[in-house]
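Quick heads-up: structures coming right below.
Shared between the two complexes below is subunit A, which pairs with subunit B and subunit C, respectively.
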Partner chain A sequence: MEMETRPTKVGVLPCSGESEPEGTITRNAVRLVMEKYRPGLVVSLCLPLYLAGDGGERDFAKKVPVIAVDGCPKSCARLATEKYSGPVEASIDVRALLEQWGVTESLSRSHPGPIEDELAERVAREIVRLVDGLVEEGKVEVANV
Partner chain B sequence: MTDKDTRPDAADVVVLPCSGLDKEAGSASRELALRLQERGAALVCPVLYQRSPKRYEKPLSSGRLVVIDGCKTGCASKLAAERGLKLTDRLNVSEAARSRGVKPGKDPHLGAALEELLPSMVDELLEVRAPEDRAAAASELFAAPVEYREFGVDKFVFRVPVAGYFFNENDCWARVAGGRARVGVSDYVQQSASDMVFFEPPAVGAEVSIFDEVGSLETTKTALDIISPVSGKVVAVNAEVVEAPELINQDPYERGWAVELELTDFDSDRELLMDSAAYFEYLQGKAAREHEELYGG
Partner chain C sequence: MDDRKVYVIPCSGIGKATASVGREATYRVVEDERPGCADTICLGLLTLGDEEAEAKLQEADVITIDGCAKDCARKNVEASGKPPTISHRVHDYLKEHRDLKPETVLDIGEGGRKLADVIAADIAEEIDELRNECGDPCAGEDE
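Our next item is the complex of A and B:
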């Protein structure tokens, strides 16, 4: 009889889009989650590599719960995951979040400053909230978060 | 005074980076693309391009496409190939960094060592132009007006460009722009040698090393070789000067250029040359000495 094993990682797939400042925020927020907030638990997936079909990214995304982090409603990260690996566990639309937070400042995609950094921190904390939710639901096996 | 930045801009460039998130080289590819964008390039987001290719139809149909891959997986190159895009050039950041002695890291942080290399990679990408583009860009730069300084020795007045020219001790000059150089002889040569009557040019396509002969001149009183101040491949000769060598007497630094070279090692050549200011001083001394020898001071 085969034992069912729960995944020990959460995959996070940012759009990291070049065309909009929110893409840069997704990129930086996911790095914060990986390096600062939930190191060892979260694995980032490289969307260009994922789309190219190399590097085992698609197979990995089939085995772990995936959170898609998109910069805008085009939802490149979520739609790519659904196409190649199956449904995502959760998704974030950063632009919608910024609207919800009342952010009206003009943002830079190439030179993030204090405002962009702060927004990346806030988005990172949103991702952490979703990651912790998956842990609480028992979808990920983890000793200590 | 600082030299004017004559590097070509990136207005006709379309850049498609991998923008990878996994490794340092991916982050560097993204940073390179953004720097090219600051120089006027159109940026294609590799992710959005797959979702909304129409968004990039216009720039991709009119610009020179440069693809930047972070690693050997070559995601951006694969994307370009899948879409049938015609590349002007591609850069692999990992290979380019290793060739400069830096090994990119495995995490996505862009470290200082790799970041330091980015300006030279941008320059490299902007230098990668189709030959006809390079020629057009260089011609434009060579057409820029020249400012002169002059000094007199007895009844003779000698002119030297204020900047942008490099000289050897044979009184031959190179005017460098966009990876090319035009080569000619100085005002001092044309006055000393008298009226030009014949210009024998080198073959187009000839490979020339610094200090090689790159054509010869005959005047009403002597014959002399043009000694190249730079290494490169001859890509043009001045047909106007072949037809009318007296152009060298009339306008030695501009219309009187002799040959144009595609440069091969200007960084090394430059160490053996005088810039305009140094040549001005050198020539003042040389002209004064010769005058003294001829006329006794």
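Our next item is the complex of A and C:
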């Protein structure tokens, strides 16, 4: 009997948009998830590499559930995934989240301070919630849990 | 006055500290060194064919900064139909400044910040040259 093999990683693709503060937040939040919250489980996908046509990146995204993390409603990360690898499992629009959280401060794209750092932490926790949801749904195989 | 900007576009790769250096250098140029005549634009937006982003680059010069030899910024800008005027690789600078090694993606450290300064200074000069060529000097605009 052939056994079904489930993916053991979750791919997270941030837009990393250079021109917007929310783009910087996506980048920092995804690194936090990789390094601090879910190391070993989450793999970041590099949007520029993905768009440049690197076969490995696009193929990998076809084999694992992908969470797109976008800074604004233009949704570059989600649209790129859908275009080259298929539907995403979940997506986040950071600007919409900030509105939902009532964030009204002016944010910096280049010099993240305490406010931007805290928001990156909060977005990271949102990503973790989605990652854990995929694990709970059995879409990802997690060893030693 | 010619209000065309020079666009500086880093790869912003998520996996390498050198990509963070390119991003930092970009902000140094567009916010500190040449704020009036340089700007940046989201690479992803450009690559996915956003009309507003493409229109901005139509008549502009573009300088790309890549964090690794995959040259994603250069390739993606080329694919949008606008070949970069100048392309840089952070690794080329790192070869010349081996003591300025960046630390991590999230925190490039003192060495990374100094390396970004070196790259930003070069790009600021290139912008001045490009603007002089088109008869609209930029240097000193913010003085």
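Please note the rule applied: the second predicted complex is superposed on the first by the 139 of 145 C-alpha atoms of A that agree within 3 Å, B and C clash if a C-alpha of one lies under 4 Å from a C-alpha of the other, contacts with A are read in each partner's own complex, and residues count from 1 in each chain.
Definition applied: contacts are C-beta pairs under 8 Å (C-beta built on N, C-alpha and C of every residue); 3 or more make two chains touch, one makes a residue touch a chain.
What you see is a predicted model; the values in this text were computed from it and never measured.
On the superposed subunit A, the two partners subunit B and subunit C do not both fit; they clash.
When both complexes are overlaid on chain A, the residue A:Ser16 reaches subunit B and subunit C alike. When the shared chain is aligned, subunit B and subunit C each come close enough to touch A:Ser44.
Legend: residue contacts after superposition of the two complexes on their common chain; A:Cys76 is shown touching both subunit B and subunit C. Look at A:Val30: by the touch rule set out above, it reaches both subunit B and subunit C. In the superposition on the C-alpha atoms of chain A, the part of subunit A touched by subunit B in one complex and by subunit C in the other spans residues 14-19, 23, 27, 30-31, 44-49, 51-52, 54, 74, 76-77, 79-80, 109-110. Every residue of subunit C that touches subunit A in the complex is listed here, in rising order: 9-15, 23-24, 26-27, 31, 39-45, 47-48, 50, 70-73, 75-76, 79, 105-106. Put simply, subunit B touches subunit A in their complex at residues 17-22, 26, 30, 33-34, 37-38, 43-48, 50-52, 55, 73, 75-76, 78-79, 108. Those residues of subunit A that touch subunit C in the complex are listed here as 14-20, 23, 27-28, 30-32, 35, 44-49, 51-54, 74, 76-77, 79-80, 83, 109-111.
If you check the complex, the residues on subunit A that touch subunit B are 14-19, 23, 27, 30-31, 44-49, 51-52, 54-55, 74, 76-77, 79-80, 109-110.
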